């Protein structure tokens, strides 16, 4: 869809960075910032003269932008449902390149002694989780249902980062986030949740129909699923698809 | 006071810059579902909370911001004069802080591990009061700047004359100065209210997001967006309508022109 | 004009509400790493972009907001008078829109599928110009409100006298009216600049987040926060420092008091 | 430049008609709040009147039917307003404002010349806030004059000027006004005498009396005009060479309209004699029984205001009087009577 | 309430010393910009002076050494400022402001009484912007008087008032000032004559002449004071019963200081005769050769200002004169001379 108009905006955006080289514009969920920096750099090394432009934001922000004609070549979503929202703009099939599972996050030393869902749901413990509207919140709700507990959080946050922030700042005694999120945060530690792998979050990547250079875009998606990228992803705590 | 004719096209352009996006928003709303979306219990709860907290925050900025504006103006003479520009700039800081950072800053001051953590014992977190504080924090600059610039435009002559007539400082302040800066107070209050109503980042980070307690309309809209962008646009429009209504009703620039 | 004594504690409280969070932010910064964080190429690029775009946006709000404020003031008489409150309220809308919604609104006006999509051909979105437009959009209300409330405080007498002396409307505007509202222009410009500098939500959605093109400092901070909260705090401080510096330098409320 | 105008500002209760001959100067007199400033401001379009018909030399500047009145900047009517209304720029720029608006290259020189005329050349660099009241007034005068108006409107031009400045500027204006159509308001009879060809007297927003200055001031028809002319108006009805004031008093006058007509004489208080007892010999005066309303000390004498007449008496005599006291006022016989 | 003060405002070149006896009224005279308003405002602390020593009945209100001067609200010194400075509230509230500040329960009644005194009771409900210039002035006067000051400072109280209001309020003030310590500024000699016990003349920020009103005005020592008194000052040196003005002119005078001293006579221009040719018979006048500087028309006569003397002449004669023309001025012999 809309392949004809793509050259204009692309050219403008890229022109502003000024280089005669080829560029590939990747829109990626903000939680992938660290890994993508590494992967993109490696990809550039493999493709001399190629410059990978990265734009990070919340998955749904990016999806909205793509639907509005943003000059993106590749989209890396943090969940399946967001990828579905731009189905019309995707070239071919999205590829799942990583997975993630939930974990408790607690301040260093776990002062509230969180061990399982039951202790997490105990009255008197200040907990924060993602709101059910966002992917991690939906997953949390599923997990709670599986565990048969009713959560009464102090706050239902709009993103994982907000949950992490509340716990890291000591406002909350515990939260539920993805494994990879704990890995990149400081001052907090993870407490595994039993049966967490029953609820797996998948990260799909897709080349976009509007891509100026469809081959390179697809190459990047393939590269994500490849071994080199896998190593980086695993290092950051992501699971394999 | 009719400006030159060439102002008109510029004004129209300025108007379009504001109006077109709003029109765009309206064009995106599915009107068939509008009413049910907007009257959903969650939306109403969030809207009510927003109006209550924004009103409280506006009162707070009036209560604290007006004195602060005065103090700032008072610094123009005396030993503190050199620090005035710096203090003014610091007061403007909440305007510059990106939304999330404002919340972080509030956390590091009033959070459980913040500067006042011992004193407050984290009792503020996740409460409606925290929302009000976050909103007042971001809205404060408007009040202070409005008040100060209104004071700068005054010569202080009427205040001096009031003093010769035996008026106490309080009397002079209440009867002479305040009536003289009513337009500035109105402007400050409207800007503060609107800013508080739209507050998002600092609230999210500092107060959290729990329906009925801390989830104001902007937070609700942000979440709705994840699942239902149309609903988010609709609720945004309602928020804008509320603001427009309050502003149109409350803010008629009062003509307390200084007598010639 | 010294206010009553009981203003002082309130002013202090107001000052603390602003100062404590900033102090908290400062307390969180790891000073050993501060310099390297702040001088990282990405940070510098983002800061430079922010300063450039915020300046451009401020100029744009001056250029369009001042005429708009005038037009609004001009509506107080004549057939459009009843619409004035509504128009003023609409102009304030960008202040109320939650950040992301502001961006959506801009997209639905200037995006490829927006109202002006045909005309612009989607060439605007996701460019540096889009950043400037997003910032001007959110900063516009400050200029308009400042200008209008300054005009309300004027009697228009001097303008009328200038006309009797044979001055054209332009001359009257430039030589009599503008100098009379310089403090309001300064206030409006400072608020607009600060707001533009801190703009986040609308930029992210409307302009995207490409390093060097559209990733302004607030967006950079937002991203940094995902990976390195300390760095985010440090960069925020720098942003605040830039704003404080610009404000302290540029904004000395000029004393163009109306001659008695 | 003949000026014909009728202006009405309803909210101020003003509805006045006046006309000024080409190159003539009209003094608009009236008590505080009579509407003088309102009329001048309406003519200059500084106050927007509810109703206005203004014709300057045949050119209609404003007319009730016309959709838009001629804008102020094309009227050539310059107003020296009662409140100076200086602009926020240097004194020199203020005065140069008019010439600059007319596109004159030598605006600064023109401004300097006018500043010199009003004795304020040394203040050229000052800002309006740094002037004394009288200095500001003089600069405002210079600004108005420098604009070379077709019609000059002066609202109390000498208010706040010191004696020397007032006399110098009065002389300056006298020269200028000879070649200009002008309207001025004043509370000083001297100005009317000196500068005006014609006089119009306003009362409660209306022009109640108008005519050549000499005539209005020597044969005033209103109490206020008489007062401005330094006289007291004694009204009555003509009967056989006498002006009958009330049941008990009448005075022999010369001239005057036919018997039964309302008429008046205007007496300078200085020429009125006063007696506490009924004077035995009438002499060359007609004695009227009056009662004191107020005593007004005036330097070396006291002006006694009665219900009918006023008289200047020496302080010694005045000290025996108080409000309500009865006294006899001796008015010269044979004063010139005229119809009201 | 005896007031002793020295105030200096460097930026305005003002450094004035004055003293007002208890219950006395001082008229502060001086040209525009002489510093009158500055002095009054400094006394009331409306302008903050650079240097001030103000002592009221032995109580030091301000003194260079003192860290904080007594604040205005405790001085009991009320200023009627030149610019009215009414507050943004109703006229009634403006006048009631002082009494209310003093905690009086009957503030409104007091205000009504004063409004009535100045003839503005019908304006009680108006806002300041809805008043004419003279009405605003009267309200400001009422406001100042209603505050029952210990010291009353009146800056040009009659500016803008119509003749009737001026005379009524002059009478009112005369009564009030008898029991109050007061300072007033004015450009009208009548006010000085009528209201002031003492007169001080300011020139360029300094008091150059002070004394009882009668004395200063009858024996003025400065050109300005003479002018205010309606006279011309002729200065010279005493030699043998004559006042020697320059090489060619001298006039016989009575009294005066010893030979060789500087002395002066003050002549009313009306008593000076004028001749275009050297008068053959000196008669009872001493003739001085002068040259015309300016001609000032004054209603029924013209005042001719010469380099040495001024004279009132009839318009016919004046029409033969122009600036620079030579003329002979006949000054009465035997005028009262006094040391300068």
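When the chains are written out, they are named A, B, C, D and E in that same order, and each has its own residue count from 1.
The definition used in the following text is that a contact is a pair of C-beta atoms (placed from the backbone, for glycine too) under 8 Å apart; a residue touches a chain by one contact, two chains touch by 3 or more.
Computed from a prediction, not measured in an experiment: that's the story for all the values here.
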Exercise. Minimal path length between chain A and chain E through chains that touch?
Worked result: 2
Seminar exercise, completed: Relative to chain E, the most remote chain by C-alpha centroid is chain A
For this session: Can you pull out the chain pair that has more C-beta pairs in contact than any other?
Result: B-C
Seminar exercise, completed: Taking each chain's centre as the mean of its CA atoms, chain A sits from chain B at a distance in Å of 34
Seminar exercise, completed: Chain centres from averaged Cα atoms put chain B and chain C apart, in whole Å, by 14
Exercise. Taking each chain's centre as its mean C-alpha position, how far apart are chain A and chain C in Å?
Worked result: 33
Seminar exercise, completed: Rounded to the nearest Å, the gap separating the Cα centres of chain B and chain E is 54
For this session: Would you give the residues of chain C that are in contact with at least 2 other chains, written as numbers and ranges?
Result: 100, 104, 107, 114, 157, 160, 168-169, 222, 225, 229, 257-258, 260
Exercise. Which chain E residues reach two or more other chains?
Worked result: 83, 131
For this session: For chain A, jot down the residues that touch at least 2 other chains.
Result: 64, 165
Problem set entry | chain E partner contacts - residues on chain D that touch it in the complex | 30-34, 37-38, 82-83, 131-135, 137-138, 156, 159-168, 170-171, 174, 187, 189-190, 193-194, 224, 227-228, 294-300, 303
For this session: Within their complex, state which residues of chain B touch chain A.
Result: 103-104, 107-108, 111-114, 117, 122, 125-126, 204-205, 207-211, 214-215, 219, 222-227, 229
Exercise. Which residues of chain A touch chain C in the complex?
Worked result: 2, 5, 8-9, 12-13, 16-17, 25, 27, 30-31, 33-34, 53-57, 61, 64-65, 67-71, 161, 165, 168, 184-186
Seminar exercise, completed: As the complex stands, chain C meets chain D at residues 157-158, 160-169, 171, 175-176, 179-180, 256-260
For this session: Flag every residue of chain C that touches chain B in the complex, lowest number first.
Result: 1-8, 10-11, 13-15, 17-25, 27-28, 63-68, 70-71, 73-74, 85-102, 104-110, 114-116, 133, 136-137, 140-142, 144-146, 148-149, 151-157, 159-160, 168-170, 172-173, 177, 183-184, 186-187, 190-191, 194-195, 197-198, 200-201, 217-218, 221-222, 225, 229, 232-233, 236, 239-240, 243-245, 247-249, 251-255, 257-258, 260
